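Shared between the two complexes below is chain A, which has chain B as its partner in the first and chain C in the second.
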Partner chain A sequence: MGRECTRGRSKPMDSHLILRGLERCTFRKFLGWILPWIALLAFGVYAAGRCLVLGLNQTNMDNRFAFGLWIFLDLTIIALGAGAFFTGFLLYILKRSEMKAVINSAVVIGFVCYSGAVCALFVDVGQPLRSWFTFWHPNVHSMLTEVTFCITCYLIVLLIEYVPIFLKNRKLRQVPSFLVFEHELHKLTYVFAGAGTFLSFFHQGSLGGLFGVLRGRPFAFRPELGIWPSTFFLFILSAAAVGPSFVLLTTWLVSKISRKVLVRQEILSQLGRISGILLAAYVFLKCVDTLIWMNGTSRAAGFDVHEFYTYQPFGVWILFFEIVVLGLVPAAILLDSKKRASMPWLLSAAALACAGVALNRFVMTIQTLALPTLPFDRFLSYWPSWQESATFLGVAAYGVLVYSISFRYLNLFPQERELAADAAARREVRR
Partner chain B sequence: MVIDLDRCTGCGACMVACAVENNVPPARPEATPRTGITWLRVYQIENRQPVPESRSAFIPMLCQQCGQDTPCASVCPQQAVEADPRTGIVDQMPQRCLGCRYCMAACPYHARYFNWWDPVWPKGMEKTLNPDVATRMRGVVEKCNFCHGRLHRAQAQAAAEGRRDIRPEEYVPACVESCPAGAMVFGDLAEERSEPAKMIRKGGTVRLLESLGTGPKIYYKTNREWLREIAARGAPGNGPGVHAGKEQANG
Partner chain C sequence: MFPGVNGFHWTAGHLIFLGVFYSVVAVIAATLVRSLLRSRKDFDTGKAEAIRWREDFSDLPARDRKCRHELAGEVAERLCDNAFDCRTCLMHPEFERARATRAIKPALREGALGFPLPLDRFYHRGHTWVKPQPDGTVLIGLDELGKRMMGAPDRMELPAPGTRIRTNGTAWLAGRNGARLRVLAPIDGTVLAAHAPDETLMKTRNEAWILRVRPDSGKPNWKHLLYGNEVSAWMMKELERLQLLRSSARSAPTLADGGVPVADFAATLDKREWDALCGEMFLEP
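Up next, the complex of A and B:
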């Protein structure tokens, strides 16, 4: 991200690219920040290249553990990236204008999360060059078809939403046609926000549906509500709940690293409140769903739920941790206005909520595959290979790089200039 | 298909015949039982009782050709899995497979296999390849299809002779043909006079994970009560009388 340059020093050598009124560190310092991430990205590209060239035998996945680290993390970052669509929904559809302060940052986070997940998926499939087959021979009954279509469309929407932010760069604004294009595109923002919300609802839900429809995996199988399993709706709600929390966390993190006040405290508190309300609703519905599954769905399939939790380390604690510690507790904190006013409480609750959604995705992918189904089956374990871990570290590095460059050269936090001017005025008064 | 577990000796001839018939390549040295390809895999199970009550049995596991909400067919995003309503066989089209492995996660029988490596046959061995079956490439999923090469050959023969239907003796999967104990019986379950249909009507057969509602078409026959109990169960369980499976898997 690069730290703020010391006042009084000369301007950064790339100051002609930095928006007026924004203080950014020297280019050298910025380079020092991004170089390790570039190295990590290069390492990730090398690991992914090995998987693409030599095959998925480079991973520790197998015929039983058909999904591994990549799918788990893909589901997690897509849920965390939901802040983009949900903030857009709040701002453009529900007219919550205070969300303007974080919308640009949320769009970049969403773009980074989704594009990163798509890159990981490209490496994850055995025949990446056949990815277009899904569009050519789509199976309309498959949740994965819905996921593929919606994620592809939504990534295009995110790209379109990112373009106006990009074109507002100081240098690019000097090109009149870019300015006109950005202005015209901005008029359509409401359409794209609506499309983004619609698409996001579907693919977040379909990602949950991926596991909920697995009749052959009683641990994940859920009854249908309409044409979708209950996990479809739970995934939408959980993603919408943690999206604002993740925007809150990243805003705080960027603020700390760059040593700048980026948004007003009440915006963060508002994000926390929205997260809390949705998380509380999610926890309630998750409890109802779990009870129905325990007493109905699983028994009907011939499986006693108790048996699922007899295989260590996946004991009952994991269910308790997911619903209570990482669900109910952060929801209670975020719904309490006094606690929300305190940054440590607010941040801890947001982090717990994000960890909760990650644990939920872990349970749905890894625990589902680890549990035996056949009567003479065994519990299985899996540990990712270095190629799998490095590929995802590369995706993380890509995310940090795109966000860092965007933060330096684009106006991700519209309140930043205003707050910086206020701070400068206060300093002057003090003198 | 009906598999008589009381006759199965666990010799593995069915596994070898299956691999040879369907051009399954020899396993790579680095392959494990979990990464090797065995369209048909024999599990050894025990009742874990002390001697003299100790008993063991063998269960040949292959694609169960689920006929109801076929789990793998409904999840495939690009229709690379086809449940043929005329034959009841669930077929895989590796040439259309993306290698997403969603079907493998969906299969409760673990009867689907991914090509983690490019297939390689030792020099000279490629001459033994079955010309009726296409080899598969790295990065796609494959599984038992009841030897569709044999089915197509029988259908072509019938068509050449001006017949619409094939005779039962004209089409038998390699595993059934190779079983020295005659433990595997193959036929059209929808045909009342077929041998497997008669055996099922007689009783004493179970289907694995029947409670999941996927309508498997492989029936397991046994007169041993403990074995029938295990086969009819939905989950392994951890209490007394645990039944652990041991796989006879190579590649």
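Up next, the complex of A and C:
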């Protein structure tokens, strides 16, 4: 990404690759920005390599604690990456044309999130050379099969959606065949957006369903609505709710780091509003689900809900925090048009919403596995090994690198050029 | 993965799940293949240039896509949604009819721009002009502002005689200080001759043509080209656009109240600034 540094007559040595009219820092500064991330990626690759070569004994997971840091963060970034499918759905299916301003960025974020999650899963499966078994010998009774199929397909869809953005690079667009292919692909994007929405819908749901069907884990088990447990629908709704918030947050972050106005504030406000509406619906349904679980499902399994919250640090506070502080509060802020008009409020609410979905995924993975379910079970604690943490940091570095390179060489924010001129003029007038 | 493997049963649930999944995969694959086939067809039918212009046009900022009738003061605000091709615009005939009853006032007295703007020819929004000749051919050259922005190119890639050019496709390429610029063709036709006029001729004569072209049809449709009094209105807006582009990068928008554009922009700007400026003015984002 890098800070703007094209004041005066300095110019990047790679300017022939940068779109006309886009201001980008010098190549040296860009290198300075990406080198630490490359180092972190290298460290992550080393840690992942140890896990692949020496085995999963490099992690602190075991047969009882089979889902650790990787799955928790995978679920989180997949939920946050939902902004790609939901923005595509709004733009191409519901024809909300204002979303054009952020769709390219949302696609790159989605691609980064999903490809990063798949990389982590590749290490997590323990036998990556046999990862194709899941496609050839699928267990059709498992929610994981649905997850695997849909995530793989959706990653392909995201890759296809990324291609037109990539082909519009300044150099590549001069190759006529690339531009024509980009044009034809873009004309059919609505098909990919529809397929992406369908696939996202099912894999977000299946990730939730994965926990909801755990009859042996009364903390997570939920009654079925149709053929899926309620967590199936709650995961879909929560992902759709925070996706726009994450797009909003990343846009603001990129804007701050690059010191550029990338989209109009109305667009961010609109994303916040959409997020707020969906988050409010989610919080309401989550409350209903929690009440049914407290008074029905859990008791039927022989557990009083208070028992789940007697093991520290997982006290009742975590439930309150998840539903009220990180759910109800951001939803209320995002639904208030006056608060939405203020950037600090808007950003705080979006950050709270994203933190809320992360906490929800943490509760569903880590807390579920930590709690004892049988009389002779004990409360388990888990702390990731350095290899687990480093692998995930490597994935995060990969994401930052892909996004930074995309931001530098591709047109992620179509309004950027126009807004840059307006912003400069405003700065000068204020002076 | 086949039926019969690992717990598969011929039940509605399994069939629906696998059926839906494979349908989605088939749709994705079919759409991708369709895009490839359509791309190939576009190439075979010579649509590549038109597609390129459509793509370029859609990437232009809104300030560069203003309708000619807004520039001429015939409508308060209107963005072109037809890639500057008035020949197929549904609204253009309406504006033309209105123009017949209320002619456009000349935007400027002659010579007010500080450089020549002969009205004996048609102008294209990409800063080329088209001058019909008695023998049915036309001459194509850069207008005065275009010439000043381009300056004296280091190299020019001109089409060979016999090459077909298409409206808004590539007419020729010009290079300066390592940057490359595409000049848009104003009409459809076949190139009869091409020559790069020397620097002195470019500076001194408006007649310095670059292409001699035979239009595609005997009675060509040039409705997309500017002519008459709207030319000076457009040129004035172009000068404003140019000044705003130069001023807004580091200062508030200002308009000069006198003076004329320098003879060679490339000599006064660095490569990147010149490239960005010409990209906007010659409509190549």
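The criterion applied here is as follows: the second predicted complex is superposed on the first by the 420 of 431 C-alpha atoms of A that agree within 3 Å, B and C clash if a C-alpha of one lies under 4 Å from a C-alpha of the other, contacts with A are read in each partner's own complex, and residues count from 1 in each chain.
By definition in this document, a residue touches a chain if its C-beta (ideal position, glycine included) is under 8 Å from a C-beta of that chain, and two chains touch if they have at least 3 such contacts.
Keep in mind the model is a prediction, meaning the values are calculated, not measured.
In this overlay on chain A, chain B fits alongside chain C without clashing.
With both structures placed on the common chain, the touch criterion links A:Lys95 to neither chain B nor chain C. In the superposed model, A:Lys338 makes contact with neither chain B nor chain C. Legend: residue contacts after superposition of the two complexes on their common chain; A:Ile160 is shown touching chain C, with no touch to chain B.
In the superposition on chain A, A:Pro138 contacts both chain B and chain C.
The superposed model places chain B and chain C at 150 degrees from each other around the C-alpha centre of chain A, with the value given to the nearest 10. Contacts of A:Gly302 after superposition on the shared chain: chain B is touched, whereas chain C is not. Superposition on the common chain A brings chain B within a closest Cα-Cα distance of 5 Å of chain C. Counting contacts by the rule stated earlier, residues 136-139, 141 of chain A appear in both its interface with chain B and its interface with chain C.
By the touch criterion given at the top, residues 1, 5-8, 13-14, 17-18, 21, 24-25, 27-28, 31-32, 34-36, 38-39, 42-43, 47-49, 51-52, 54-55, 59, 61-63, 178, 244-245, 248-253, 270-273, 275-276, 279-280, 284-285 of chain C touch chain A in their complex.
Residues 55-57, 61-67, 124-127, 130-131, 133-134, 136-139, 141-145, 148, 210, 213-218, 300-304, 307, 310-311, 368-369, 372-378, 380 of chain A are the ones that touch chain B when the two sit in their complex. Taken together, the chain A residues at the contact with chain C in this complex read 6-7, 9, 11, 15-16, 19-21, 135-141, 146, 149-150, 153, 156-157, 160, 168, 173, 176-177, 179-185, 187-188, 191-192, 195, 198-199, 227, 411, 414, 417-418, 421-422, 424-425, 428-429. Within the complex formed with chain A, the residues of chain B that make contact are 28, 30, 32, 34-35, 43, 45, 59, 61, 69, 71, 74-80, 96-102, 104-110, 112-118, 137-141, 208-209, 211-214, 230-238, 243-245.
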